[in-house]
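Both complexes below contain chain A, partnered by chain B and then by chain C.
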Partner chain A sequence: MIGTLIKAEWYKLKHHHIYAILIIGPLLTLLIGMLNPMMGDMGAYHPWLSLFLFMNLPYALLFLPLITGVIACIICRYEHQAGGWKQWATLPVTRTQIYVSKLILIALLVLIIQMIYGLVIFIAGTVKGFDVVFPYWTVGKFIIGGWLATFPMIALQLWAAMHWRSFAVAFTINVVFTLPSILAINSERFGPFYPWAQPFFAMYVDESMSGMLFIPISQMLLVTGGSFIVFLVLGIATFKQKAI
Partner chain B sequence: MMTYIVQTTNLTKQFDKYAAVTNVDLKIKEGEIYGFLGPNGAGKSTTIRMLLGLMKPTRGQVTIFNQDLHKHRQTILRQVGSLVENPSYYPHLTAKENLEVLRMVLDVPKARIMEVLEMVRLTHVANKKVKGFSLGMKQRLGIAQALLHQPRLLILDEPTNGLDPEGIIEIRQLIKKLAEQGITIIISSHLLSEIDQIATTIGIIAKGKLIYQDSISAMHALAKNRLGIRTNDVNQTQQIIGGEVEGDVVYCTKYNNRQVATYIAQLVTANIDVYRVEEEKHSLEAIFLQMIEEAEHK
Partner chain C sequence: MMLLMKAELAKIKRKGFLFLAFLGAFGVVAMQMVNYGVRKEWLMQQNPDYWQYYLLNIQSFIPIAIVLGGIILTIQITNVEEETNAWKQQLALPISKKSLYLAKFLVIFVYLILAASLLFLFTLMYGIFLDFKQPIPFLTIVKESFLPVLATLPIIALQLWISVVSKSQTIAITIGIVNFLLTYSAFSFPEWVPWRWPYLGQPLFNIGLGVVAGALLLIVGMYDFYRKDAK
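Right after this comes the complex of A and B.
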């Protein structure tokens, strides 16, 4: 049933220019990375590493969380417009199925964004003519790690977007939580515990390039996993109780 | 024991201090067109929302197809089509796409989409985006959506709202046709005339309470006309012609032209002064309004 619901959700995105939204984050990042004058002064470093350094920062800290929020808003917007929730809730499916199918679709779309980002990096490095082999393993790690790290945001954004009719309110919440990440990553004490900063940590490439992911598994499970479950459970509970 | 396709027991919805629906016991038999009548804000939509599980009752039980809605919601909803208040649709999708989205979840053959569009006469705009539709067209699309999975029970909340007279007649004919196919239909309205023309059973709700529930013919029986005779002597008049006394008027319910002439002749012979002989037309409308008024003053 969930599979059918996800397909139906995807069908509803018709005429929404969703591809443009999927591609905008990686493209903006590319622009910023390419325009950065410091890019040229990194000669002594591993070229891919310095590329990651310049591009992953704005991408993981800003564009990825913001676009995740935008997608969550879009996926709920058409339900708010003209009684969509009402119609969907009178179908022979449970509310949990409805909620989870939306969540999975958002997660899949974010995964597509991550893959586009990987492709963009590859193209950027190739165009620049890097003489070192593309570090597939490293890129694969931060793409998947960064993706997993967005799950709590997806859950919270979906909850907010479902609850508030207004696109503006849900999006503001997204921005309000995203911006403090810039401060959080500079704090050794709070940074590792701030859910919105997790994509940054998950995509932060250190020089050793070791480990399963770039952050300790315990932090991944505790912060990302923990906050994801809390937001998911609260979101589902709210949706189940909601009088439509 | 009589079995009902929809039955509610003590159905109650309380919002903070305001009781929207109080102890409503609906009893709806299979194959009926049940007219759910009540003024705006009487609790019709709240009741319907609870029938569909869109809203949880504060108290009471909903049984549909002899199954508890709370426990078997999905099995029940698979056989229920509904249109609640304003039609629901995705404005950015075409009429056909709107139906396709539902079709995917309901798992019915693709051909059914054109069938239902044909039924509500929307085939000519099947590929147009719904945001450009008139209210009447949206309403008809809503009915098409409700019919997509060939439901056993159809719940239509104010389906003729915002339709022009022609549209209303069309919807009415469609509902009658569906009822002939054996679908049980609940149709709510705040207009008595609307319900009167179509329903087989009527339930009247006012201030959250179900104040009347019976066949439409029983309601019509209440609406019988009566003859009022005012004379200078009420008691003697009643002795001669029978009937009931209300104030200084004697009313009788069974009369024809012949009898009226006889009554007058008898009264005149008995030396009673006849002031007025009036037929009082008790319309269905008047009875309805009286019921509502009584409920509101309680």
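Right after this comes the complex of A and C.
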């Protein structure tokens, strides 16, 4: 059932420049990372590590949380515009199924963005002729870790996008929660407990390039898992109550 | 023009513009409230001129706040027409398309100036609260609060243009995120790129170019909107 619903959602998406949205973030952060004046000074430093250092910051800290909101808005646009919420009500699917299928599709799209990001890094490094082997294991881990860490944002943004017709409201909520991460990542006390800073921590690479997902699993479970469940329950509960 | 602006103001009633202006200004200062709240002693050791260092900290967040605020305002102000497909009705009225566009721009500008005034007020209030025991540099605070708006005009004019002519607001938001990321990472780029202007590295140059490029983009957007068919 869910599979069919996800497919239906995907058809609705196709006309919304979705491919451009998937590719723009990785390319933009590559540009920002490559042009960083400090990039040239890294010298003998591990070349992949310095590339991650300059790219992961704008990407995981700001782009990833913000883009989840945009995708959530696109995914609800059709229903808001053409009275699609009513049409849903005539079909033999529960509201929870609708919600979950939208959620899964957003998560899949974010995963695709993450994979494009990995690919872009790989191509950039290869073209530049880095003489060190591409650290597959490290990149694979931060791609998956960063992806999992966006789940609370996906759930909250889907709730906002379903609730308000206006994109601007959902986007404002997104911005208000995302910006404090800039400060939160500098704080050892507060940062680890701020859900919006988790994608950054999950994608942070230290010199040893080791560690499972780079952050303690217990912290990830507590902060990311906890806030995800809260936002998910909030989203499903309000969608069930929503008058359409 | 006053009438058109009044009409625009009526349309955006209860859309949270005032709240947004407040939020932007307060948010910038609130970041420093957290910063100084957590580690005031350490920050005070960084520079003997406390006010200057405090203003420097504030300034680092102003450009991204203006860019984000501008994106949200431009999307909101075209939202009424977008949601209700009112562009056509708007154009059935005996008003010129160009002045309609200009009115929207001016309303956004007014709100940005309002946000800047609030920023001035909050910066001053929290600065006084921090009790630096040094003379208050009023003129610097005024400059820091208002001038970045002028240097950001090209980005605002571009966002308004995209927001008015694009079929879906997602395009405007996505390009907005690009502009925001470029502004946030502006120091990766050479001095002349527009995303560095709001930081006022070379105030005269940045503001002059900002106003000129902003006016140019406003005119280009206005003409593009003028010759386009109503959606």
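Here is the rule we go by: the second predicted complex is superposed on the first by the 244 of 244 C-alpha atoms of A that agree within 3 Å, B and C clash if a C-alpha of one lies under 4 Å from a C-alpha of the other, contacts with A are read in each partner's own complex, and residues count from 1 in each chain.
Here is the rule we use: a residue touches a chain if its C-beta (ideal position, glycine included) is under 8 Å from a C-beta of that chain, and two chains touch if they have at least 3 such contacts.
The shown structure was predicted, so the numbers you read here are calculated from the model rather than taken from an experiment.
K.L.:
So, does A:109 touch the first partner chain B, the second partner chain C, both, or neither?
P.N.:
A:109 contacts neither chain B nor chain C.
K.L.:
Quick one: classify A:100 as touching chain B (first), chain C (second), both or neither.
P.N.:
A:100 contacts neither chain B nor chain C.
K.L.:
In the superposed arrangement, which partner chain does A:244 touch: chain B (first), chain C (second), both, or neither?
P.N.:
Touch status of A:244: first partner only.
K.L.:
After lining up the shared chain so the two structures overlap, which partner does A:171 touch, if you call chain B first and chain C second: first, second, both or neither?
P.N.:
second
K.L.:
Could you tell me if A:55 is touching chain B, chain C, both of them or neither one (first, second, both, neither)?
P.N.:
After superposition on chain A, A:55 lies in contact with neither partner.
K.L.:
Under the stated touch criterion, which partner chain does A:32 make contact with: chain B (first), chain C (second), both, or neither?
P.N.:
Second partner only.
K.L.:
Would you check which partner chain A:183 touches, where first means chain B only, second means chain C only, and both and neither mean what they say?
P.N.:
After superposing on A, A:183 lies in contact with chain C but is clear of chain B.
K.L.:
In the overlay, answer first, second, both or neither for which of chain B and chain C A:73 touches.
P.N.:
second
K.L.:
Between chain B and chain C, which makes contact with more of the residues in chain A?
P.N.:
Comparing chain B with chain C, the partner touching more chain A residues is C.
K.L.:
Share the list of chain A residues that count as touching for chain B in one structure and for chain C in the other.
P.N.:
16
K.L.:
Of all residues in chain A, which touch chain C in the complex?
P.N.:
16-17, 20-21, 24, 28-29, 32-33, 35-37, 54, 58, 62-63, 66-67, 70, 73-74, 77, 165-169, 171-172, 175-176, 179-180, 182-183, 187
K.L.:
Touching chain B in the complex: which residues of chain A?
P.N.:
4-5, 7-8, 11-12, 14-16, 78, 81-84, 86-87, 89-94, 241, 243-244
K.L.:
Residues of chain B touching chain A in their complex?
P.N.:
Those residues of chain B that touch chain A are 49, 52-56, 73-75, 77-78, 80, 82, 84-93, 97, 100-102, 104-107, 129, 145.
K.L.:
Please name which positions on chain C make contact with chain A in the complex.
P.N.:
For this pair, the touching residues of chain C are 15-16, 20, 23, 27, 31, 34-35, 38, 61, 64, 68, 71-72, 75-76, 79, 83, 168-171, 173-174, 177-178, 180-182, 184-185, 187-189.
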